[in-house]
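Labels run A, B, C and D following the written order; every chain starts at residue 1.
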Amino acid sequence: MVQVHLWSGLRPLVDGREVVEVEGETVGQLLDNLVKDYPGLKPAIDKGVSISVDGQIIPKSRGVKVKDSSEVFLLQRLYAG
Amino acid sequence: MSKIHVTTKVNGDEVEYLCEPRETLLDCLRDHLDLTGAKEGCGTGDCGACSVTMDGRLVCSCLVLGAEAQGKEIATIEGMAEDGALHPLQRKFIEHAALQCGICTPGILVAAKSLLEKNPDPTETEMRYWLAGNLCRCTGYDKIIRAVMDAAAEMREAS
Amino acid sequence: MQYHTPPSFEEASRIAASASGTTRFLAGGTDVLVQLRSDLVTPDDLIDVKHIPGVKEIARQEDGGWRIGVAVAGAEMTEHPDLGRDWPGIVEGMDLIGSTQIQGRATLVGNLCNGSPAADGVPALVAAGASVTVTGPNGARDVAVADIPTGPGKTCLEKGEVISALNIPARGENGGDAYLRFIPRTEMDIAVVGCAVNLRVDGDTITEARVVLGAVAPTIRAVQACADALIGTTLDDAALEALDKAARAACEPIDDKRGTVEFRTDVAGVLARRAAKIAYARAKGEQS
Amino acid sequence: MALDGPKQDFKYIGTRPERPDGWDKVTGKARFGADFSMPGMLHGAILRSPHAHAKIIKIDATKALALKGVKAVVTRADFPEGLEGEDWNIQENVMAGEKALYDGHAVAAVAATSQLIARDALKLIEVEYEVLPHVTDVDKAMAEDAPVIREGAADYSVPEGMHPNVVRYMESGRGDLEKGFAEADLVIEESFTTEAAHQGYIEPHACVANLGADGKGDLWCCTQGHWFVRQMCTAVLGLEATQLRVTPSEIGGGFGGKTTVFIDPVALALSRKAGRPVKLVMSRSEVLRATGPTASASMDIKMGMTKEGKITAASGTFRMQGGAFPGAPVDVTTMLAFANYDIEHVHHVGYDVMTNRPKQAAYRAPGAPMGAFATESVLDELCRGLGLDPIETRLKNAVKEGTPATFGPKFPPVGLIETLEEARAHPNYSVKLGPNQGRGVASGYWMNWGGETSASVAIGDDGSVQVSIGTVDIGGSRASMALMAAEAFGIPYENVRVSIADTGSLGINEPTHGSRATFASGLAIIEASREATRKLCQRAADKWGIDADAVTWEDGCAKPSGPNAGEFDPLTIAEIAAEMGSTGGPISGHHESTPDGFGGSFGTHVVDVEVDPETGRTTILRYLVVQDAGKAIHPAYVEGQFQGGAVQGIGWTLNEEYIYGEDGRLQNPIFLDYRVPVASDLPMIDTVIVEVPNPGHPYGVRGVGETGITPPLPAIANAVRDAIGVRMKKLPLTPPRVLAAIKARD
């Protein structure tokens, strides 16, 4: 299981939790399982989020590998300028 | 609306065009003579991207009517390099990376050339004020000023 | 739009008088073309006065005054060897208008006819007591520059009238003038406040003075109280303080995108003091 | 995605050769957006709403169509219906539907045989409006009685009970604010505002469109990203993506403002209707009224600090308007507001608010400068209040590799500390100041970007190299691309040609935005070059009859990898290329990816100002930019980015602003009153390039374009504070505002 840190605006959608645990070996699997296991997050994830894995911000690459020990944060969807 | 027949000299060549009375010299250079080196950045004389000289005097070609060019001598960026050799200002602009997007570059080069013809040894302040009507949004002007100073020094040495 | 190039002011006046639609005279074109381009004013008749003999001349008159052609560009005034020695304030006022490129075209008379209370070229002309010659259907007449603008964008010129020359009086001995304006940048802006001072000294004492403010009222404004604050003084601190106060009191500005009432009023006092110091130094021959 | 550790020793990287397009740019030959024309081409013009908010009752173009020379008029009725999300937003922005939403909003367009006729025709189009109440200020737009711009525009994130103009809400943070503030020796709480600033590129938007009734078309335009243009135009017009080929012209500045479309779909619609090519060029006032400035902001910041200079807690509320559509960059503002510092207790709240203003567009580090202005101003006040040096204090709190960012994850290697140390050591930091002068320091960050990227290299038959990229060259990037290819191939810079491919010639590329071009296209070029050199090695191996693994590529030559591989004279790229046709065919390399290893760039600025105490005018005396470039490929253009960013920041801080009248109309739609800095306003801009390699790029590159506009706003405000003794909390620092503050002080 990977621990995924949520930004505080998302916490009301998952009963106030700061961190949720989901299965997944890639960013894509994490996102899919977040929606499956925590349907409250669906509107946010559908709207678009970024994710960070061990400090690297991943705007959209679903294939990036994730380990159970990885530091993972959901971040606001980011745009370039 | 009848058009006006204009005979003028551009970069040493005698040219003719027909223009609407409302058309500017910039319109005529770009649309009738295919000289697109002068750019329209504002159309109100505030940016200098359309700078040319008319009878040796630096002007915004967006603030000159095409009809007014009758019998005049116009010089544009297209006439600045002679015989395939760049003017020292042009060379120095490339050397100093004095341009980024390059849209203001033709106007600035024409304006800078006009300055050095009048004053071969301008101070940095004189240069900055002379070029105040040429907006550059990319460079912050630093490298432009350095390029003009360097070109001026080279031209003084050569003369 | 019809484009005309009359050979004389009489002809220019005749075209304007007989025109049925909007008419504009073209000298430098730096205002007319902007209006045309932005569809603010599309004249039916545009009368280019630059083909009239003498319009590009700067001529010293027998009495020591100056006659300046209506199509003389700002740069030509700045480059003139003697004009700026007599009337540095007039020349620097004109020189402040726009960029080098604008200076290659813009004219003092155009600046005047535009009728803007913020015109940089006009306050020093008013301070100098300059006049213009107006050619119209009934012949020519002289009008004080101060009387030409009647409100923002408005002048006293009648249909068919065209300014045919600008007349600047002789400088005379021990005189000096100066013009300063405030803008947010260093160049390329319209004056938020402008101030011209023209004075004459006898030794250290100011004997004559005119102070003219721009952009603080519907028209450019000569302020007698400012002149009174200077005359008879040696421009000491008290005189400067009185001048500052009088300048502020004369302001009736507006709040707009370029400045507030409070700011314009404050800066009018500041510029009056600063311009007076320059004019005073010039009158005494201490500064060019 | 680290490929292999960043390379350290370079032959070409870090030199300053002449840019490949230099000659064209200084002789007037370079063709920008408005420099294209086609046979049979018509000219377009757009009619724009004079009202900030109005229902469009009726549009009657009968008289316009009757004018000689007029060939087509389009309105919203000429665009497909049923779009959703951002596609709908773009369509609505390029041509108003039921309502005009801001002063300058397009309502109809004309194509005619000349520019003048098209403009005359606009005056003949009769539009009946029902004027509605409007709002242009962010705080007023959130108030209960504010007119509603569009019902139902809010997304899932907005809590119940908020005004319908609030369309997105965000909240993030960590720790315990109360605890953090309790630990502080000084807590400061202030509110700030910034006004919208325009990108101010000197080239107005321009395009030539040629679209047939068969749905196939071509578009030439000035854009930062032609694939974005393709996606947006085809979505807005209901076309198939690859049926439209978009070719970018040279681009006369963008700074984010040319990453979207304003006139291109309109030109295509006109062309389709008229059956002829149509050129559309914006005037400057159209650019200022109807393209994207950045958002304006209203912010409340609270920060606490111990007397030793440690930040104990920080919180911020950021309200931003991005015009009549969702999209103010408040997510980035909140994320980066405190990102320079290691703060245990931190909290951010953000609101994206709609107003009757043009749809905001990205502007250099979109969202970051506003937040930095507010937070770095408060930090400066804390330093003053506690008697601490601003650089030492920043050093005490600065993030480094492994620091948990205020937005969550731990930082990879970053260079903030290095920029602070260089700034402290620079002579500018110790120049003695005179009366009415002040010094300001501020740091800033931009996280940079990777984005979809595709690049190819092809070997010419003389051994020169052709590079094709999809990121347009907006500031000299062709030089950097050529340098990276030269380095990868080991051939002279002059032997590399770089061209920008059109949408029909290369895979999708995101625009030149997010400071990504040198990072992402560079990475793709290096990888594509490596693929090509592997093929070159294979050809040599075949010729020598040895295994390809026994061949290495070095200095532009294939060489046996060691004595065991055999004794062969090196084969140069030219020698291999000369025989390409008979040894297996053309040789090229290709790479495509969405690279994620973009390392963020920190910068620190030091500025000295003098304020005229009688007029409130601020003069910049000296200015220093120190920024981390990872690796400067072409240092002159890196310096240029630093200088340009700083000067745009100076403009935003001192004089640039959108001024709306009571009538909701933009008061300053020309460069006369939208006051960008002119040459005489400025000193030279001093630069120091810091190089902390980015492990995510083979040569260590970090994007440098955007960070430079983030520190100037607070750095100058801090310098003015130093000079006049008053904290200015509202940008721009116009002379009337500064003078009023000085008078209030006395």
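Operating definition for what follows: a residue touches a chain if its C-beta (ideal position, glycine included) is under 8 Å from a C-beta of that chain, and two chains touch if they have at least 3 such contacts.
This is a predicted model, so every value here is computed, not measured.
Enquirer: State which chain is most central when centres are taken as means of Cα atoms.
Expert: The most central chain, going by mean C-alpha position, is D.
Enquirer: When the C-alpha atoms of subunit A and subunit C are each averaged to a single point, how far apart are the two points in Å?
Expert: Spacing between the chain centres: roughly 68 Å.
Enquirer: If you average the CA atoms of subunit B and of subunit C, how far apart do the two points sit, in angstrom?
Expert: The mean C-alpha positions of subunit B and subunit C differ by 29 Å.
Enquirer: In whole angstrom, what separates the CA-based centres of subunit A and subunit B?
Expert: About 55 Å separates the centre of subunit A from that of subunit B.
Enquirer: Where in subunit B do residues touch two or more of the other chains?
Expert: Residues 22, 43-44, 46, 129, 131-134 of subunit B each touch two or more of the other chains.
Enquirer: When you check subunit D against every other chain, which residues touch at least two of them?
Expert: 283, 670-672, 677-678, 680
Enquirer: Among all residues of subunit C, which ones touch two or more of the remaining chains?
Expert: Where subunit C meets two or more other chains at a single residue, that happens at 38, 186-188.
Enquirer: Applying that definition of touch, give me each pair of chains that meets it.
Expert: Contacting pairs: A-D, B-C, B-D, C-D.
Enquirer: Going by the contact rule at the top, pick out the subunit D residues touching subunit C in the complex.
Expert: Per the stated touch rule, the residues are 119, 123, 283, 285, 614-617, 654-655, 659, 667-668, 670-673, 675, 677-678, 680-681, 734-736, 739-740, 743.
Enquirer: So in the complex, which bits of subunit B are touching subunit D?
Expert: Subunit B residues touching subunit D: 20, 22-23, 27, 30, 35-44, 46-47, 49, 76-78, 80-81, 86, 90, 93-97, 99-106, 109, 125, 127-129, 131-146.
Enquirer: Per the contact definition, I'd like the list of subunit D residues that touch subunit B in the complex.
Expert: Touch residues, subunit D against subunit B: 16, 18-19, 21-23, 25-32, 34-35, 114-116, 199-204, 250-255, 281, 283-284, 474-476, 634, 636-637, 639-640, 643-644, 646-648, 670-672, 676-680, 682, 684-685.
Enquirer: Quick check on the complex: what are the subunit C residues that touch subunit D?
Expert: Listed in rising order, the residues are 38-39, 182, 184-190, 192, 256-260, 262-263, 266-267, 270.
Enquirer: Any idea which subunit C residues touch subunit B in the complex?
Expert: Interface residues on the subunit C side: 1-3, 26, 29-30, 33-34, 36-38, 42, 46, 48, 50, 73, 75, 98-102, 104-105, 186-188.
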